[in-house]
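Common to both upcoming complexes is chain A, partnered first by chain B, then by chain C.
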Partner chain A sequence: MSALQTRYKALSQSSLFVPVALAALLVVANIVLQPSFLRPHVIRSNLLTFSPLILVAMGQAVILIGGNLDLSMGFGISLLNCFIAMNMSVVPGAMGHNAAILGAGLAIALGMGAANGILVGMLRVPSFMATFATSFIWLGVAIMIAPIPGGAVPRWFAQFFKASFGPANVMLLVVVLSALAWYVVRRYRLGRYIYAIGSSWDASYANGIPVNRITIGSYAVGWCFVYLGTLALTAQTRAGDSAIGEPFALNSIAAAVIGGVSLSGGSGSPVGAIFGAITLSIVMNIIYFSGLPTSYQVLVRGLIIIAALGSTIVVRSAEASRS
Partner chain B sequence: MTPAAPLLPYRRHLSEYWRDFNKEIVSFSITILLVVVGGLISQGYSDIGYMILRIKVAAFVGIIGLIQATVILSGGGGIDVSVGTMASLGALFGAAIMQGRDEMLLPALLAIAAVGFVLGLVNGLMITRLRIHPLIQTLAMSYVITGIIVAYSQGRKLLGRPSPLLERLVNDRLGPLFIIILVWVALVVGMEFLLRRSRVLRKVTAVGTNERTALLCGVEASSVRTAVYAWSGMCASLFGALALGSVHTVYLDVGNQYLFPSVVACTIGGISLAGGSGSYVGVLGGALVYTFLQSFLVTLNIDEAWRKVLFGLILVAVLVAYSRSRTAK
Partner chain C sequence: MPAYVVEARQVSKNFGGVPALAGADFSCPPGSIVGLLGENGSGKTTLSRILTGYYRPSSGTVRYRGEVVSFRTPAEAARLGIGMVHQNFSLVPDMSVKENIWLGCEPLGRAGFVNDRRIGRELRTYLDRLCPWIRPEAKVSSLSPSELQLVEIVKALSRNPIFLILDEPTSALERQQVDAVFTLLRDLRRSGRSMVFISHRLHEVEQICDSIVVLRNGKTAGTVDLSGGGPVDYDRIVNLITGNREIAKEVRRFAEEERAPLLEVQGLGDGLRLFDVSLRVREGEIVGIAGLQGQGQEELLMALAGFRRTVAGRVALKGQALALHSPRRAIEAGMVVVPGNRQTEGLFMDRPVFYNATFPALVHRRGPFPSSRFERETSSRLVADFAIKASSLGTPVTALSGGNAQKLVVSKWLPLGPKVLLMSDPAKGIDVQAKAELYRIVLELAEKGTGILLFASDLHELITHCDRILVLYEGRVVDEVPGGAVDEEGLLSRCLRREPSA
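Let's look at the complex of A and B:
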């Protein structure tokens, strides 16, 4: 068992090696292009901008590790964003009301995750089609809540995510605590079983792992991260918009893949996805600062995502054939 | 390869027809039911002239559904979600080349077919060689295409018009029916025939049914699928020309609206998402159901957001029903 554990540890460390190195390389590149990158306020504002994608990519990673994927995260974020922004009260004394809204938001997020999980885990609909279908439901509901962009969140809500306790920025704390939370989950049955069903569904089933419940569990855990990501996003935009979440569906998958999470399931970790999301965000940053005309930025961003998806898979298969 | 020996002739039992065609029968029955119920609710709904207009709308959904169906039939989780933006790209480039002149129609079609083919080939190679999930790859491709469109248009006012011949093909009638409806039916019949009789489409379903068996028969899955995605890109781009013919002035996302219906038409029409099984006639039924249901909901004054939710729920229900029916697998 201990030999297995050390081997497993070595493997998980090597799966983090590429994403961390890549992220470090891009940080250096960004410092060269934008010397103010290391100033505290720039770091803080970057953390704030990156954090929604970081958190959503962590959630996507959990679901990918379980051998599925979730395309409905994008419009799910739209729905949550609209719900929070349209229902929170900006009246100073409405703490109880706002707490209830935030609680309801978490319940909605878990509900969307559970719905996807039941479709995929219990009703055996292929995850890509199930979540493609549910994404339109989330979008429709988001448009019902906010037909036009609007709403507002209280000042303290926006301030909270920007606050710092000494050197520790709240956003940094949220990301670090999420990562720690994942390490806790992974030590328990749920975490281990998510890896198990992702690497071999048949073997897990044959060994009596409750595959249905674990799949639903992986979606529930994933959507907790999505909820945190939406809070971070809403704190920045301070309004509800049904179109806001769309890019997250693909970006979160790309970030997780760059972070060493395999699309076929069973390997990688949400912590890798953090570095994948940082890498992707910095690339977008560099495009933004490069002075490229805005009309070409969409194209370059798309090409980079395709290149990232392709290259990481090439690198991984080269590694696999070497060992 | 020697031609396959013809099957022994024998009388088919009625239940076998039901077994083979239940999804087609169900989708056509739903359409008729919608017409009857719609007619009871609103006088105009089952008016014959209005119905032909609706079938014209269904023709567009049905034609792009044929493309999507072929991709899904090739299996391996195959789906092409870049068909919508690909059609927009085709429409945009088509309009720019045609500039309302008939003599530029053919060059325009060739050019957009080439562009679509190349982009589709990239999809195919990424999916088969690098093993990226088809949905993720084609989604990423649709972002790239949106990027191309944004870069090309640069926020200018878009110039270019469809050629008059193309507009007439889409909007003129032959007798009581629109030409496009006849084109649609001809395409469905032709492709259904090819699906059952030609070597090319048999290879697609063979690969979709079972990759290993296909390989043992000398049909390699990855090359067939690469070809299917390239073909899909080309056809979706050409479909953009048809969409262009139906709108007189081109706009940036003219084709995007066809992505969701193309998938719905296939799933309602009984194309198995596992690949390999389904028929183009079923997709025709699926396109009819989608279009008639859409206009039925409009008749009931149900707004866009609710329609999105309802179609999402219907898609989920169909997916669940079909995945239940193949639990024996």
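Let's look at the complex of A and C:
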């Protein structure tokens, strides 16, 4: 086997191969339909639109890898969004106050993650049920904070996320740094054990892994990504709205699965979820620029998502049967 | 130094009021290997799980190196040097061999990162001695059952245990591999380590153990000292295990006359593990499939049962061509399987006995919905006919011992009147008594004309029960011997494709 063949084989066996190929395919389709796609300002605006789902999907991926899922991310985002928008001050010079609010937001995100983690990890409530239930608590609190959409975030906050340093857009930096952060977490025992408990809970327990703490840890890490995603979303809308997060719960799961994360846990990576989220987001672009009648758009979107999910799963099961 | 490394006195454990262990005594002197024997359900697993920190005893005391201990988690026991080789393995499938061996006690490097490069000397030592061909980077999910078993053993040994429990560590291994494991265990014994060896194979227990503790119904039935070196009193051990019950003698009258062919297979292949397999099973005939580990035995049975896709070959049942595309089709044609893994493919473990017993009959019964009377009558008849021990018909199958569960797997098919029974290592991990009863059912079926295709990893089982034995090698049938005309050594050398040494 030549060196090239070996390299091709290694590449095609990498869990990132299918998600990257899929995302690339859709990017090409998008360029064909929308020639302006590669213009800097279009790239920037796409990045800004895609980044909340990218970050939330990364968080969902961490939890899925640990063998659970989180349906409460959507309304969790609503809660964080309302909290930040209703409490930040637009008065110039309120930096200290605003920093405190952002810090409190992170604490709330970690708290929601930890609550889910405790229900799932220590009380052994199936994650599907536990997070379905907590999602309504988050929504309830969000409605209490902002009964009607409102609030405001300072201009500088929105400007910051849209800013660019040369070619490096802040949003792109946030995504890249998040991916790097995951590689760091993976090198700690926490990261490794998240894969272990997702792959085989029994074996992990037998090996003396603190399974409860690791489950809680996976939720905490996941919700750090959710928090970043909420910041990106809030920078775009600049307002608080308790309904804003809802689609993220299931979209993030779909994005992670398209990105090669197994629903049964133990395999895949948040980096794959980045490409899954891009795929999912670009589908909307493509449909918009394809000139389809509005009444068909939702149906076609569903078909494309099914095709993407199907190709990921077919390729994975083909690999499994080969080995 | 205390006289025993581990000493359990009057240990009991109840699960929901049902005693799994009822005042068992057990002790293990330093530098020795103690065999732990007993039927399925006699409490061996419960006892080993208490000693390794999975369960806490309901009553009784456990001493470890002289001190009374009560472990809350397996991790606590492991920290004190207690190790376990699990029967169902404790390996994480999505991780590499190396990561698995270090799992739970990873060496840390700079900044608290897991240090992947530091593979301990022990890892290489044990891997080289037992399975040098396994790469430390290989994913565990890509290993064969025997390789999994070896890695499980390497993992336990790498942690340098003072006291190690091995739960049926040899059931998935070939003879040479068993020898390698035994040599290693003897070396460890010489260096003062203590071990408990759980097995159903008496001759292996005899080879490696210094003494035997026999459990029966959750109590210690007796101990046998083997260190004297005299002849081993098998009858006494078997009596301790069974409690002097008569074990039905396994006698097979080999079918003399030519009977009508039932199952005919021509040139069957799946392109991966099976190539050009042809065979014939006549009415009432028991045909054995022998071979070394992983030569396509299970694949052949699963292909015939409709689980596994085939790319070539013809199959006919009673002269009628049969397309093998689903288990449902095979069952409708009268070909049923006793799969190798009864927990996942044979039974619905959480469902009650009656549900499992009547399931095939329900699915494949025509006509109106079955009454609960039908369920009750069918299942109670099966339970009575096959002496399946269950506290009630409503008991979930998880509460049954391995042998009784396996009898249920076989008997549930009988209301359908199967023409061919495919059996994949049906006696694996079940005790002497249950094994005898299981084969009694099989022989009765054969008497009534059912054709049986039997794969067993224990060659002795094949020799005593089969009319003919086919030898598989790398997915092909390479040999055929009449059942009565060969001994274990002879059959093994045919499996190895070696001429028997004269």
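FYI, the second predicted complex is superposed on the first by the 291 of 323 C-alpha atoms of A that agree within 3 Å, B and C clash if a C-alpha of one lies under 4 Å from a C-alpha of the other, contacts with A are read in each partner's own complex, and residues count from 1 in each chain.
We adopt the following convention: a residue touches a chain if its C-beta (ideal position, glycine included) is under 8 Å from a C-beta of that chain, and two chains touch if they have at least 3 such contacts.
Quick caveat, the model's predicted, so the values are computed rather than measured.
Chemist: For chain A, which side has the bigger count of touched residues, chain B or chain C?
Modeler: B
Chemist: Using the superposition on chain A described above, determine whether A:I43 touches chain B (first), chain C (second), both, or neither.
Modeler: neither
Chemist: Please indicate which partner A:A206 is in contact with in the superposed arrangement: first for chain B, second for chain C, both, or neither.
Modeler: second
Chemist: Let me test your reading of the model: by the given contact rule, A:V298 touches which partner, first (chain B), second (chain C), both or neither?
Modeler: first
Chemist: Going by the contact rule set out at the top, does A:A196 touch chain B (first), chain C (second), both, or neither?
Modeler: second
Chemist: Determine, under the contact definition given at the top, whether A:A114 touches first (chain B), second (chain C), both, or neither.
Modeler: Neither chain B nor chain C is touched by A:A114.
Chemist: Is A:Y188 touching anything from chain B or chain C once the two structures are fitted on A? First, second, both or neither.
Modeler: So A:Y188 only meets chain C here.
Chemist: Which bits of chain A are touching chain C when the two form their complex?
Modeler: Touching chain C: residues 187-189, 192, 195-196, 198-200, 202-210, 266-267, 323 of chain A.
Chemist: With touch defined as at the start, can you tell me which chain C residues reach chain A in the complex?
Modeler: 73-75, 78-79, 84, 86, 89-95, 99, 103-106, 108, 112-114, 141-142
Chemist: In the complex, go through chain A and note every residue touching chain B.
Modeler: The touching residues are 69, 71, 119, 123-126, 128-130, 132-137, 139-141, 143-144, 147, 249-250, 253-254, 263, 295-303, 305-306, 309-310, 313-314.
Chemist: Which residues of chain B touch chain A in their complex?
Modeler: That would be residues 77, 79, 81, 126, 130-133, 135-137, 139-141, 143-148, 150-151, 153-155, 260, 263, 267, 273-274, 304-313, 315-316, 319-320, 323-324, 327 of chain B.
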